[in-house]
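Labels run A, B, C, D, E and F following the written order; every chain starts at residue 1.
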Amino acid sequence: MAEIKDLLNADTVIRPDGRAVDELRPVKITRHFTDAPEGSVLIECGNTRVMCTATFAPGVPRWRKDSGLGWVTAEYAMLPRATSERTPRESVKGKVGGRTQEISRLVGRCLRGVVDMKALGENQVQLDCDVLQADGGTRTASVTGAYVAMVDALNWAERHKHIRSAARVIKNQISAVSVGVIDGTPRLDLPYVEDSQAMTDMNVAMTGSGEFIEIQGTAEHRPFTREELNALLDLATKGNRELQAAQKAALAED
Amino acid sequence: MAEIKDLLNADTVIRPDGRAVDELRPVKITRHFTDAPEGSVLIECGNTRVMCTATFAPGVPRWRKDSGLGWVTAEYAMLPRATSERTPRESVKGKVGGRTQEISRLVGRCLRGVVDMKALGENQVQLDCDVLQADGGTRTASVTGAYVAMVDALNWAERHKHIRSAARVIKNQISAVSVGVIDGTPRLDLPYVEDSQAMTDMNVAMTGSGEFIEIQGTAEHRPFTREELNALLDLATKGNRELQAAQKAALAED
Amino acid sequence: MAEIKDLLNADTVIRPDGRAVDELRPVKITRHFTDAPEGSVLIECGNTRVMCTATFAPGVPRWRKDSGLGWVTAEYAMLPRATSERTPRESVKGKVGGRTQEISRLVGRCLRGVVDMKALGENQVQLDCDVLQADGGTRTASVTGAYVAMVDALNWAERHKHIRSAARVIKNQISAVSVGVIDGTPRLDLPYVEDSQAMTDMNVAMTGSGEFIEIQGTAEHRPFTREELNALLDLATKGNRELQAAQKAALAED
Amino acid sequence: MAEIKDLLNADTVIRPDGRAVDELRPVKITRHFTDAPEGSVLIECGNTRVMCTATFAPGVPRWRKDSGLGWVTAEYAMLPRATSERTPRESVKGKVGGRTQEISRLVGRCLRGVVDMKALGENQVQLDCDVLQADGGTRTASVTGAYVAMVDALNWAERHKHIRSAARVIKNQISAVSVGVIDGTPRLDLPYVEDSQAMTDMNVAMTGSGEFIEIQGTAEHRPFTREELNALLDLATKGNRELQAAQKAALAED
Amino acid sequence: MAEIKDLLNADTVIRPDGRAVDELRPVKITRHFTDAPEGSVLIECGNTRVMCTATFAPGVPRWRKDSGLGWVTAEYAMLPRATSERTPRESVKGKVGGRTQEISRLVGRCLRGVVDMKALGENQVQLDCDVLQADGGTRTASVTGAYVAMVDALNWAERHKHIRSAARVIKNQISAVSVGVIDGTPRLDLPYVEDSQAMTDMNVAMTGSGEFIEIQGTAEHRPFTREELNALLDLATKGNRELQAAQKAALAED
Amino acid sequence: MAEIKDLLNADTVIRPDGRAVDELRPVKITRHFTDAPEGSVLIECGNTRVMCTATFAPGVPRWRKDSGLGWVTAEYAMLPRATSERTPRESVKGKVGGRTQEISRLVGRCLRGVVDMKALGENQVQLDCDVLQADGGTRTASVTGAYVAMVDALNWAERHKHIRSAARVIKNQISAVSVGVIDGTPRLDLPYVEDSQAMTDMNVAMTGSGEFIEIQGTAEHRPFTREELNALLDLATKGNRELQAAQKAALAED
């Protein structure tokens, strides 16, 4: 990956937190964060902290009954003071905002992308990602943390004989990371201060075998070229490999 | 307090977690739990864990404008997997349930009960109590934790010159605890397993000077006598004194 | 009860409506107020007028099916011009407010507290308390009136062979009354003008055998002492006894 | 009106309550039914009972500001046990049903139809029609009762110097009645038992000078001819004249 | 119909679009406007354009199950820029407005009025009327267009053996038109510019055999006399006959 | 672009509608589709038909006041029978679904991506994209059609002196197209029948200068490789160039 650094003139770029342009924030994954859920993970990516729980439950939604297939779904939310200004609760407003729904759907698709629904059988995994503290990259941290919580929940389900083999259900590993272009240079894993300046912003979810499940690039403030896209995807590939190592390390403990 | 134990035949009562009938669960109050809020507290009462944040903001709701008085309000909520079965999100259901509103109102009244609105001036403190893990007593833990978060937020406001003196705003200390009658014996600080068996259930919020702000006793399953009420209030008084000592100890650190 | 008066220096207290501090407002309970419901009561406590209907229906909510047990539930609401200023309709606002839900839940718990769910069998009693005119104490009048409506509905159910015996279903009598401290003196049955001045406000629901089902004391504006609490409970006990006599008298007519 | 009877072979028609086909149910209009509203009327048409309140308030909705014109609006609702089966509350369902909105709009248009908005000035009259007991014709009873409540509220406003002259604001008298065709014969003022059988159903609101403000005829079950329409309008004219006499008599009392 | 013109002094009335007082706007009915629905019609009445689709589906709502009878229902809506000022979407506001519900109900009643529910069997026809461009008379255009869409859907159902005979289901033809009094003269088929000036406004739905299904006359701004009513009904009769000829012509094509 | 065809073995792929893998469906853009909006376009991409209107209005949302900057926003919706099965209306359900919000946000971002907010000044363009018929690619057709509607609205605003120069407001052209991998071969512009089979699905919005505003690739059913991504982007680039030619041709007419 040395080439990327060269390309990006990383030596001249000073990031607010002193990182190199292709460097992740410190990642910390705490399993068994709470007791009740089948899988419960606190993931910290720098100052971003997301609590990810995985609920394993027999049965599937009505529209999927008698298909022999399972289902995986996700909900994302922010606590009111995850942000520097208080965000009103969506429960009190009486509706879920567009951003929340968009992210919930993204997390669900990513996790479904690595699950063998037939091996899961008519069971459901519900992922809940609640942001305790937001400092950029909450949606990608949610994907990365939810994967670990899901593995724990599926192992629980195997131990309790709800499924035959967690390993067969999980087809692949999944993680996600954000990348963006700030002041003309692509950077990996943007904290809020960079995210809010980014002209181009991209979230990339990748499997353990290096393929894409989701690419969401948006450039409301300045369109990006094919070359920039390639540089961003290189950074995202590097970041996801490191996140996947962190996931493996966390799952190896017990 | 030895009398209470005698009265209650405490020696013969075996509680699920081995506590004496007049014994609190271990209390842990962590300040500065997250960075963004003016006050951020994690309170743990046994396995119950509530994140309490206090947001200080200049200005008051419209109906209170130009009164010279401040306002304190609270919102309570449970994360979906705080409980052993997943509870659907109220944001997704599109409305806040009766229990949630009832508790939010209770927490707000308790905290307002110890604030001098004139000394606060036209500023608002918003308390958010989010239950990460529920094992009984979440509403009383919310009151107890929110007090500490509010003190931190008011001290922040004093340091930032939004108010003249936090000490003048806070008229009194406040904490709350649950008590109940199980199998005919009054007990202090019920975990879920006892709470669900309790015939009589009471939440008592008390000031540092030993007076009541809120008493909510409910006995849907078996009415209680004046004598039982008195025993419960004795237990609650003891429990609140110990909680107030824990609040003071937490606030003394820095 | 002469002692209470002495304690309270009743001679020196002049209430807005000329009552003694331990005196109820005139109570009038009209049964068969409307024709359609199985029980239909208009209760008037001074100027407070609440229409309480009881609907008896076979069957229970889904979560209670096949339990062999019945269910009792309540809904409270105010007509828009029950109050001196018009209150917007909650149907038009699209959500039920916190106060409404809190009172609905209170009324439900009180009535369930005197019903033998096994004797009721898988039947439901739905209580609807609609305030035609509000002058303080609407929630306690709702409890007191709903009891009479429920008795009528259960007698109807017995006559129509839906239950074997109304007497076996009704384990106890229930009424409720408000008490409060104004200008330092505890008083019974507060009209709006006193309620809005009360520093401490308490609603007490009591059974015919003198035990408590609900005690809700709140003192947002000035905490109350154990002594004041005792004086308030004495007043509430006296008031509930008189209300229960009025209930009995109403039910004796035909 | 003898001709109508002849035409309708009234001698051979036996109505469930023994009335002649062109006979109104007994009408009773009670003013000052409750104390708080500026106008408060209980109207009883047979077993139908509607509480109509009129709220006079200075000011108009935003879209009408600075027009020099007033506004009149209405809301209609049914209490849950106005009907023989309990109807769920629209506040609890979280939305106002189509029937309720349709009737609210009808009542508003009728009352606006007799008000001189310029003479009213920038003031608003809000009419609330709450059905305590429903036995057919609740929307027409609402119009008829709301008129009396509005007159009381405008007289109140004159006495309190909010408007110069109630008489100038009220351009005309208004009442409404239902008519319908059952078993081929037109009938006046249908109770529920007839209403539910009616093939054609029409509500007619008429001014004191005999002109129409609203005609709503609906014949989902059997279309009606021009001749039937004429017979129905004759009946409605007779009914409205009698209702207007009852309104006048009620307003003459004091 | 020459008499009407005379009566109305049609020669002296100049309508904004140059039409005679008893003249319809040009009507154009396009069948098979879109491909997916069983019936899909674009109806244009002058500048008013409504897309009417009819969905045929086996089965009926729960409350009608096992009755052997079918059901017909309708929903009306306006696209945001059907009007000269943008109207906010009701989906975004989270509730359907009173006007929308009122019109949806009207369209449903009109179409049900010409359907033999027994011949339809336990099948449902859902009509959707979406206004692409609004220039007065959108509700009556919806009725007229929905009839043609329903006929197409029922013919489809006959071809696909869901029903035995479309002809037996359709008891009668139905169309609707608006009439109103402007400047003292009754006029047929009001465009927006006339509608907004109309003192009296009436919508009349008529069957192919010349009988009424719905008459909705409203005169918030000036009551109307029996004579005016008769003139309006004459105009509506003429207009509906012409609309029914246009429906027949459209259905004759293929 | 011959290379892509080779790479994709286009000769052996038979698409349901006979197109080559890199061939767009026929595009038809009709301007002035309705009269009221400042811009009104019907875009047809094969059987997909979307009505796109652009509303120009002075003023901006409150949060953007006094910034000197304009705002562009979008709402997307489907008519109930745009699809082969009827989709319930979101207005009737009382909430906007996640998919609808996600697409509305996407369209808004794309259009904002080519607008100079400073040149627009404190004015707002509201885009409404209503799908009359859905056959795949409705969100990309919405972007492509909305651009043309927006240009018309901005030209209108220039003619009416609301802005100085439409050309200065519009920084770039924008269009969007879908691409996907079916049976292992990348294809351009998927109709519903292909879309529902696609393992990988990507929407690409591109400017007139060939840069990206949005890339949304999702591969819930089979992850995609970097090589596939490149092939898809090549196809999308070709498609967008052709769509932009169609936009130019439509805007050249008058």
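The working rule: a contact is a pair of C-beta atoms (placed from the backbone, for glycine too) under 8 Å apart; a residue touches a chain by one contact, two chains touch by 3 or more.
Treat the numbers as computed from the prediction; the structure is a model and nothing was measured.
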| message | Among all chains, whose Cα centre is located farthest from the one for chain B? | response | E
| request: Scan C-D, E-F or B-C for the interface that duplicates A-F, counting it as a duplicate when over half of the contact pairs agree by residue number. | output: B-C
| Hey, how far is the Cα centre of chain B from the one of chain D, in Å? | 52
| Per the centroid of Cα atoms for each chain, what is the distance between chain A and chain D, given in Å? | 61
| Counting only residues that touch at least 2 other chains, which ones in chain D make the list? | 94-96
| field | Touching residues on chain C, where the partner in the complex is chain B | value | 95-99, 101-102, 104-105, 109, 112-113, 172, 202, 207, 209-221, 223-226, 229, 233
| message | Per the contact definition, I'd like the list of chain F residues that touch chain E in the complex. | response | 34-37, 40, 47, 49, 51, 53, 55, 57, 75, 77, 79-84, 86, 89-96, 100, 126, 128, 130, 132-134
